[in-house]
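Note that the chains take the letters A, B, C and D in the order they are written out, and that residue 1 is the start of every chain.
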Amino acid sequence: MSATSSHTGTNWGRFGADDERGMLNLLTPEVVLQATRVPKTGKVYSLALPIQRAGVPYFDYRGAPTRLPLAHQSDPGQFVAYGAPEHVGANEDVLIMASHNETHMDALSHVFSERTMYNGVPAETVSAQAGATKLGIEKVGWIVGRAVLLDMVRFYGADQRLEGAAAIGSDDLEACARLQGVEVRDRDILLVRTGWIDCFLAQDVHGPADFAMADYAQPGLSTDAARFMDDHDITAIGADNSAVEVLGRPEDVFLGGHVELLVKRGIHLVEHLMLKEMADDECYECLFVVAPLPVVGAAGSPVNPIAIG
Amino acid sequence: MSATSSHTGTNWGRFGADDERGMLNLLTPEVVLQATRVPKTGKVYSLALPIQRAGVPYFDYRGAPTRLPLAHQSDPGQFVAYGAPEHVGANEDVLIMASHNETHMDALSHVFSERTMYNGVPAETVSAQAGATKLGIEKVGWIVGRAVLLDMVRFYGADQRLEGAAAIGSDDLEACARLQGVEVRDRDILLVRTGWIDCFLAQDVHGPADFAMADYAQPGLSTDAARFMDDHDITAIGADNSAVEVLGRPEDVFLGGHVELLVKRGIHLVEHLMLKEMADDECYECLFVVAPLPVVGAAGSPVNPIAIG
Amino acid sequence: MSATSSHTGTNWGRFGADDERGMLNLLTPEVVLQATRVPKTGKVYSLALPIQRAGVPYFDYRGAPTRLPLAHQSDPGQFVAYGAPEHVGANEDVLIMASHNETHMDALSHVFSERTMYNGVPAETVSAQAGATKLGIEKVGWIVGRAVLLDMVRFYGADQRLEGAAAIGSDDLEACARLQGVEVRDRDILLVRTGWIDCFLAQDVHGPADFAMADYAQPGLSTDAARFMDDHDITAIGADNSAVEVLGRPEDVFLGGHVELLVKRGIHLVEHLMLKEMADDECYECLFVVAPLPVVGAAGSPVNPIAIG
Amino acid sequence: MSATSSHTGTNWGRFGADDERGMLNLLTPEVVLQATRVPKTGKVYSLALPIQRAGVPYFDYRGAPTRLPLAHQSDPGQFVAYGAPEHVGANEDVLIMASHNETHMDALSHVFSERTMYNGVPAETVSAQAGATKLGIEKVGWIVGRAVLLDMVRFYGADQRLEGAAAIGSDDLEACARLQGVEVRDRDILLVRTGWIDCFLAQDVHGPADFAMADYAQPGLSTDAARFMDDHDITAIGADNSAVEVLGRPEDVFLGGHVELLVKRGIHLVEHLMLKEMADDECYECLFVVAPLPVVGAAGSPVNPIAIG
């Protein structure tokens, strides 16, 4: 239990009336320095999905990520005008990507409730033309800290992944940590493995065609899991599903988990992580680094999160 | 001097005939683990430029980076169909970005000479539709290691930045390291500060209007600096200018530095870094993390490099 | 004077409470059929600017139009999987364009005043995600009618173009028609030539670098010109400047011309037309065809207007 | 039969060694002028599909067309800096579209055979960066002429559409024209209705999910239909399917119809036309106008073809 968690379930005002970074404020130099001492093997995990048109999860309205050539090796004499010989040239691309497909990070401007975002910032501060004038992804800068991986697939003894709309609560998280023998410390980053993305990639559960909002279901955190975050002052959460929270349960309010975590608590979320290799290695604690692109005003960013075991 | 640098100036074949990662192969778990022990203060530096239309350097043919709203707080009843109340909603964006504007990383497929890329891979393996079938940015995964910052602005006693086409050679780099009292170790990552980007941002040297290929000049590494890389088995290079190498000297072959470093040696390059704060802090060694977006087939990626001092 | 212009300066309600096409309603089959008999020479004019990055006018915040290859002749064996021989292939592109750069047409959803668009439609009916749910460009379908070209450059005896912020009123338009000996008929389309774009393209007045909102000035229609539209039931207006209306006069309300024409009268506007060749030919009446792309919800579309002399 | 068709099945050289417009050269002012006298009712048909993400045909690798807001009514005080009141504002968009989805027109640079395009232009003249340096869509300018609609659905007595891979040859076209009582004249534009797109839109045959290259089949012209084009000097062809030519017959060479028509004959193709309303009206001849966007170097353009009956 965090010594500082006297707040009543939200962190609005906790870091000042003008704060735009939420729980990331707790990743102080001391906390970061301690986290750099966590690695034991030096093995590095890149937790991002490949970014390509096919074979990866995306919601249709966001469009598939697109790479198009801007400069290409077949272009004749690219740099002859600059004195370079004909046989020297370059390739470059243009990338078109939704901010919330693929492996990505939500800015605190991503979701609002009662038309209010984290720390009481009105939804209206996000304009279409300028984007988020507060709480944009460029306010993050970085996430660096100790992360704990809780492999709920192994915990439940599931075959590959949790069932469609399986909900993970605080007690499950605590029990999983105990089973794994990993201590959850104040200001840790939490990584939750449900197996969902591994099954997506293996195509035995979902294909792109049925990845529709209407009938999808994904395992994930219940709103009860917010208690776990409060007890440990969790600074950020990553998961291998589309929304961190469980999706598709009739009893849930849509986006309820985002409201509890992102809006009320200022906890940044990282989604569509690939956690299988870490889980296979039983690498349950790591130095974790997420570096979102500082797109001014954006509500999120594709990221390539790095874990060092 | 590296005990393993018996090669004759290139690293083709050094890591196997099929290698696509070049000098990054030397960032073994042992090297990474040692690098995690480098931080002394825990202060984290995000070295990326803000990504926005105005006030940042970009070549006109690449276009300015663009953020456009995909879902917006003003959209009425976004999730009412899913049972959410009207007052709950989300913001999302679409990002359109060149791979080599802003702070970015070159893939080994970025440049070729004699129509050949690193490790003898033919330029023709990069197709327009599929992109780089070899040496694409998705082969990188990550850069994690100890980085040394050489602040050439301070070394030369320059006011803010080096002159237009000032060239930095191996002896300069060695002397700067000595002056700073920082040891350059085998397999280090090299960060070079020329002051160029700070002056760009302050608008006292270049404005977007005159950032044209025809008459631009930037300080940077001369091809002689490749000797420094060989002597220390430098695994990657970052700089605060547009091309790591010096630009605009009549005696240079255009892209000659890329050919020496990227093509011959398989050394990845990271450009448009913001290094002023590290330099001001005299933070000359750090744990350095770069996590390019794994865009399949891309010749580069925007990145947000992280240094932990 | 139009026999039907008993309205008091606006056309709201004139075509029904639910109308979304404004004055285009007057282009009935009879009017169209008469217009098809206008051509005398059969010479066809394409009035669109080339769409390319350089040398064309665009506002910086809209970005330059971009063409990127999607399929390219250098791609190896493009259709071998479909049984085609290796030597057969295709080129295709992706186009990224602002709706209001280049030669384009404004939808009635483009501008609002008192937060209301044409026919009393509230501005709020345009959502970010769905676009214009009313008055979108897809409601246009087509403009086909008789157009009259008024060459104000010749009328004023100007050398190439009218001065910076020269304002054209109703009397000027009437006088110019008389001078040209061309009759303006009810339900005509009006084309106005100021010479602005010709000078832009010749770079002797504006270059892209100074095409900034702060200090620009363009010749065009004054709000007084609306009287001319009422008197003749003008169904659409095209001009060779950026906004049809005069820009840069201190005494004008910004977008005042759009409010008079587009918002109050439901007159569609076509901008950045190239009218010099028609003017040189003294082709003052034509069959005029504009076919905007029916992008659902868009506030405008790039177009290639066609005049048949 | 055309008096001028002494050529041997191709039109290379027919309009000069440097020609880039192919059969459109035959649309002389005289031909255009005659075509303007064709309309009998003045009814105007917009033949383009709506451009939107859902419910329209597109090949997945091209991505769905995308409209994103660039300026939006919810942006606060858009033009206050220019002196406009707060209640005045504008909506604008950015459009991202493949050149060959939706209703579109092929440039002569779209397809090559024996690595050669129309008029002997080498495929290599299309660079990735500059696009088509010859035969690009901007060379078209316009198509204006008399078009004849042949409704093959009615001709065959089919219910809604022709069968999957039904092939239409020259004799079928001639017989259909006779049945319809419409004369095909030299230099006409040919419009062919197969019913394919109507069935696509009605979703009773194809949905986006099964619009895959592997198993698709579409009715269309056989290569034998080229004879009809030669006999009548057909200047352009439009159809309501994806490629004008029949798709999915084992005996055909992939893109064989494009090679015969576009490459050998320089006949521009317009695809994904909506022809049902014209057919229902038995409007078998019209004044036909296609105005592609003059995107410099592009291999095609989305279009909104206009027919005036």
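The criterion applied here is as follows: a residue touches a chain if its C-beta (ideal position, glycine included) is under 8 Å from a C-beta of that chain, and two chains touch if they have at least 3 such contacts.
What you see is a predicted model, and the numbers here were worked out from it, not measured in a lab.
Under the contact definition, subunit A and subunit B share the contacting chains C, D.
Of the two chain pairs examined here, B-D and B-C, it is B-C that is joined by more C-beta pairs in contact.
Of all residue numbers used at the contact between subunit A and subunit C, over half are used by both chains, marking a mostly same-residue interface. Separating the CA-averaged centres of subunit C and subunit D is a span of 24 Å. Averaging Cα coordinates per chain places subunit B and subunit C 45 Å apart.
In subunit B, 61, 63, 66, 69-70, 72-74, 94, 96, 124, 128 are the positions where the chain touches two or more neighbouring chains simultaneously. Note for the complex: subunit D touches subunit A at residues 53-54, 60-61, 63-64, 66, 69-72, 74-76, 78, 96, 124, 127-130, 209. Subunit D makes touch with subunit B in their complex at residues 66, 68-70, 72-74, 94, 96, 128. Those residues of subunit A that touch subunit B in the shared complex are 27-34, 36-44, 46, 48-52, 61-63, 65, 67, 69-70, 72-74, 79, 82-85, 87-100, 109-115, 123-124, 126, 128, 131-132, 138, 141-142, 144, 213, 253-255, 258-259, 287, 289, 291-306, 308.
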